[in-house]
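Note that subunit A is present in both complexes that follow, paired respectively with subunit B and with subunit C.
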Partner chain A sequence: MIESILSHGVALGAVYALIGITYNVMYASSRVFSFTAGTVGMLGGVLGSVFISTLGMPVIVGFLLTVLAGALLGLIIEFVAARPVLKSLDQHLYVLSTLAVSLILLQLTAIYFSTDAVPFPQVVPIGPGIFDQKFWLPILACVVTVGGLEYLSRNTLIGRAFLAIAEDNYAARALGLPEQGLRMVSFALAGVIGVVTGFAAGQMMFASLANGPLLNFYGFVPVALGGMGSNRGAVIGGLLLGLFQQMANYFFGGVFASVAVFVVFIVVLLARPEGLAGSATARRV
Partner chain B sequence: MKVTRRKALTGGAAVAAAAATGVFKPALANSEPIKVGYLPAFTGPSSSTGIGIGRGTELAIKEINDAGGIKGRKIELIMRDTQSDPTKAVNAAAELTRRHKVPVIWGPLNSGESAAVMANIARDKVAHLHPCWVDTLIDIKKYPLAFRSAPSNQQIGGAANHYVVNVLKAKKVAVISDATGYGTASLDAYVPMLKKIGGEVVYSSSVDANNPDLKPELLRMQSGGAQAIMPWSVNAGFLARIINTRADLNWDVPIVGQTTLGSGQTKALLAKPEYWEKVYPNNFRNLCYAADGKLPPHSVEFVERLKKAGIDTSDTLLWWVACGYDGAKLVAEALRDGGTSPTEIAAYWNSKVKGWKGVYGTITFSPENHNGFADTDVIMCQANSLKDGAFKLAPGYV
Partner chain C sequence: MSTETLPASNGRSWLEKWLPVILLAVVGGSLPLWGDEFFGTIATRICVYWVLCAGLNLVVGYAGQIAIGWVSLLTVGAYAASALVAGKVTPEFHPYVALLLAGVVGALFGLVVGLPALRLRTFYFAMTTLGFSTIVTQIALAWKSVTGGGIGIPGPLLPEPFDTPWGLYFFCLAVAIFCTWMTCNIAASRYGRSLIAVRDAEVAAEAVGIYKPRLLVNVFLFSGALAGIAGGLFASLQSYITPEAFSFDLSVLFFIAILIGGRGSILGPLIGTAVLTILPEFAAPLVQWSTFVYAVLLLAIVLLVPGGIAELLDFKNRKPIDQHREIRPRPELLPKIMGTDTPKSLLDLKGIVLAFGGVRAVDGVDLDIRGGEVHGLIGPNGSGKTTTLNAISGYYAPQEGTVTVDGADITGLGPHRRADFHIARTFQTPRIIGEESVIENVMVGGNAFGHGSFVEAMLALPRHRSDEAKLRDDAMTALCLVGLERLADVRADRLQHSELRFVEIARAVMMRPRFLLLDEPAAGLSVDEIKRLAGLISAIRAQGTGVLLVEHHADLIFEICDRVTVLNLGKVLASGEPEEVRTHREVVNAYLGA
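Up next, the complex of A and B:
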């Protein structure tokens, strides 16, 4: 039982953490919570299945095409859902615009792919048991993504420019940083992280339309738990969520698992509204 | 009698009025086609069922029209694709009843769309035949002109329960469903039925269909001593996870339940094809291969006719095609022997359809019972035996 809680819990937690990071990467450069993160994640599984299983492409080609599609999707989302509403950010119009894009993507997937779950290919033939791809691939994707983002922000100019934009948008622009260009790059990067998540989770969750709303919802929990904009918080929140959900699955039963998860979520937010890894900000009055 | 100018004028006016109101029309109208409303879902998520049933429906109508139609009049199917969308089904039904004034509608072919249109078709007083399983879609008080040419969910659950308890002799049973309306309603309905026939329910629960790990649920079933698992869901992913997890636990209890257990989508999601062993979905006696590998004689004859008409069954299910064929035949017989008004059609079904031998099943209607399908025609089959759209009977049936 412990083995099953750990293997499924950590793998699932890594998926939630990655979707949380997808939210955060878009949020950092735009202050927009794009509710397309989970839908893009779902598309990672769907596109991987189409390229590799349906079209018979080699795994690496299918993966690279999925990544490319993710970057393109990110750019489209920035152009269609984020850019037009940034001037009216106070009204939180982004909730509507990003949800609308998310719904469009879901409908297109239903029409041109399937409403049923479809198998995702085994890309690395190891397993079965806890060495199965469905467990370690999401964890590997999470480790590589977090490491890559850390490297980007500490060692590259563009990474530092991201940090500057995230820290103080107006000051960064005053210093001459190309805010719009950086925002486009960050949305493309978020698109890539989203589809890589879906691709890595394909064996565990299948390529399924239903994963879109599920990831949108459960992927947002680590963001709120870990603190908005904090990738470390998202990883901690995601892993805790996955593990707790699995424990609830075993101890309370599948029907109560979601209830148990959200009870804890609300309790944590009541105790620490800024999230586990977030810091309370002073509000000007 | 003296014919006055006034009488002649009055008579002339009467003749003109009669012509205008259609008294002279029947001679012309008799050669016109009889319109039949038809609401399949040819696109969208329910389209595989719609396409299968559509093949049977179109074959039956073609055979009837090729043989001269109904008293010299052809049947004209006024088809509207509902696109698997209840809203579109409502609009399409309104168009059929109000614009085309059809006397009878065949379809919609899935429960979600039927639930949306039942009240509208009843309000417009049009005869209605559908093959949808949800129990509440037949109600002689609310929908007096509506009839079902397929089993109800009660019959589907009853057949599965009977197979588990009386044929497999499994007394301890685990019942699981997804958390959708269909899943929870099935669980609520079938667990008491199971207990009534002597089954001991050692586990019953509704679970989120997208839960990627069902091992905890199956461990609970195992620790309760379950001798059979009965899943109620139309979600192929959910059903495949149950089958895969059973294999991961090296557990070989039979899995008995809804037809989706035997679908190609479920098969595609299995980790290994052999995991499909000992999985028994619902099916229909007339359309299953017996132990000798043969279909019943009248089904063999039906398959021959399908082949002659160039209808392929390898990419669909034979029972869908048969269901469509029987539905169209029931409508055509009512038009031929009952009449062409909605009340005449319904009266024919109420009074004359007794032990009607279709390809799909035997049907009996009465004024008190518009659920016509025979209980004995609903059986279980072997999921891994699909060949040319039909399955083998599950072990234990003669």
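Up next, the complex of A and C:
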């Protein structure tokens, strides 16, 4: 039993962590929290299922098309929901614009796909058990993503430019960094990470509309608690959340698990609004 | 200039203020004459939704809190009313009593859902309301003994004569009209203005003594109560409720109806609620697409018409205003607002130290402001002038040193508590509520002198009405004082920069200041305007008020100051009579130049 809780918990945790990273990547380049993070994650599963199961494409083609769609979605989100409201960031219009885009995506999925959960095709032909792909695929995706982002920011010019933008947007622009271009790249990247998450989690969570709001919330919890912008916080927080949820689920039932997560979320945030690892707020006057 | 009667501000006209109530009463009341029963059911739904939205409007439209998951309160209210009438956990209650109790339960939950807003930033708060709404649905599913789980429970049936569809309709309409009347009262009161002030100019709101937590607690209780009552009515309308009835789409409808309507308006959200409720009913294929349409509308509103329906209906502020206007202050009016007996107080700073990280922005400053004196504070950029000001008005707590008023230590008091000591201020960049009229901006300054409680304002009781009359009179006098009376009813964001500086002074005067802190009031003013400003400051001094003047215009400083303190690198470089300071060698070297 304990193996099941562990494997489920870690896999679920990896999914939350990945959505958390999706939030982070968008936030870093634009200071925008986007309601689309979990929605795009949900679409990863839905698109994968459509390409592979419905249209009968080979797995690799379906995967690549999903990734492409994710990048495209990211660009659209940047153009529609982020760019127009950046000028007045202090008015928090992005909360509304990203909410609107997220709702539009959800509703399109409900109409053109299904409101019910649809099974996701097997990606790699390996049988069930503890080494079931539904567990290791999300974990693998998480490791690759974190490793990839780390490599990017340490060893490439574009990665360093990202760091510069995330650290100080104005200074970065003053240095001549193409802020808008980098923002577009980062939203495309966030789109890709999002759909890869949904794709990798397809076996575990199915292709389901309900995953959208779910991932939006549970993906946000680890980044909020860990401190916005910190990928390490997202991974640690995500894994803890996944394990905790599975255990509470097993021992006390699903409602208790949800309530407990919610209470912890609120209490920690009320005590430390900037997150456990975040830094204090900027000056106001 | 004779001492004629001052022009009165009609403010919002009577019709403008009560239009939502009248509209609801006339259109709603006449509905049976021109609509059939199908219409009646939709109209009942609109009334129920509006009861919730009327309260939510104060949270979203006025206080600017992004509360997305408000459907959770509808759920709580609906189950509370149904369970109380059915006697699930308590003895059976009469439906009316149950409805009121649903309001009480809703108010408590409104507080629970809302309180995180006091600490959390927008997106975080939005997420908590979302999380709360999913939790409530899950609990409704799981708590079978009370909610009936997925099978559901019957909603309360109202007694005669409200047990027919039209009966229920008129009951809901009456509740809706009453709730609209209450929100209109609140919106037009000092509480409504404070909410918008907190939303658009939080720092300035604190400076006039508005305490955000207490204000928001009132609003969340009120909004929660309305949502709870709406829930009870909703249960009666549905006649049978299951958790599925409280979909997230409904939450989206409420939230978007308000934003489409426009922030800071009641008529707009009322129209928004009606339109969004009707939309899917009259176009059958739209049902599936309704949330999609709402979302597209939301996006369009955010990107194209941030002011919503209310902005489209705001004809008054599209009239051009006179381009060649002059600010002509009338300092002789000052005693009309401040009286003639402002006590001369002493504000004393001793050894103030304020460091940000390793930078000691203020490094052991001693300074006193005496009643009836203008004290100039000058120095190069970054010498700590504004930081000193902020320490006095409480935005930063100094790490060392004390701030006292007539011996009373106020060092640790929050900014909103400084209004009690009649410490008023203006800001380097004017902090104005752009979407409110000029006179409303000024009225905010007198906020601390209101006596009526939130409930008194809600029910328009006499104490509240006399508050309002006095505030409006005083604000008009203050506007005449600074010479802006002709712009009283214009939206503040249409004014020029120099005019905003005078609006801030008018707002500060409303606090009957014993101390007035002016942060670069002459910046951006023409030579003539600076002269008038000087006259105004002198008149305020003559009232017995102590003025602290932070300025770069050396002429102004040396013309009107009784004493001058020069800061450099966070320390006092020189202090004394203007003449001494002007010829002080180090001051000349560091700042004034030869």
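Methods note: the second predicted complex is superposed on the first by the 271 of 285 C-alpha atoms of A that agree within 3 Å, B and C clash if a C-alpha of one lies under 4 Å from a C-alpha of the other, contacts with A are read in each partner's own complex, and residues count from 1 in each chain.
FYI, a contact is a pair of C-beta atoms (placed from the backbone, for glycine too) under 8 Å apart; a residue touches a chain by one contact, two chains touch by 3 or more.
Remember, it's a predicted structure, so these values are computed and weren't measured experimentally.
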Look at where subunit B and subunit C land on subunit A after superposing the complexes, then choose clash or fit. clash
Which partner chains sit in contact with A:12 here, subunit B, subunit C, both or neither? Use first/second/both/neither. first
Once the shared chain is lined up, is A:117 touching subunit B (first), subunit C (second), both, or neither of them? first
Let me test your reading of the model: by the given contact rule, A:258 touches which partner, first (subunit B), second (subunit C), both or neither? both
Contact-wise, after the overlay, does A:206 reach subunit B, subunit C, both or neither (first, second, both, neither)? first
Scan A:33 for contacts with subunit B and subunit C and give back first, second, both or neither. second
Under the stated touch criterion, which partner chain does A:250 make contact with: subunit B (first), subunit C (second), both, or neither? first
Report for A:101: first if it touches subunit B alone, second if subunit C alone, otherwise both or neither. second
State whether subunit B or subunit C is in contact with more residues of subunit A in the superposed arrangement. C
Running through the overlay: 42-50, 150-158 or 348-356 are the candidate stretches of subunit C; which one clashes with subunit B? 150-158
Touching both subunit C and subunit B, counted on subunit A across the two superposed complexes: 111, 253-255, 258
Can you name the residues of subunit B that touch subunit A in the complex? 44-45, 179, 205-217, 219-220, 235-237, 240, 248, 265, 268-269, 271
If you look only at subunit A, which of its residues touch subunit C in the complex? 33, 80-81, 84-85, 92-93, 95-97, 99-101, 103-104, 106-108, 111, 213, 216-217, 220, 224, 253-255, 258-259, 262, 265-266, 269-270, 273, 283-285
Which stretch or stretches of subunit A touch subunit B in the complex? 1, 4, 8, 12, 110-111, 114-119, 128, 204-206, 208, 210-211, 214, 246, 249-250, 253-255, 257-258
Partner subunit A, residues of subunit C touching it in the complex: 66, 68, 116, 119-124, 126-128, 130-132, 134-135, 138-139, 141-142, 202-203, 248, 252, 259, 288-289, 291-292, 294-296, 298-299, 302-303, 306, 356, 386, 390, 395-396, 427
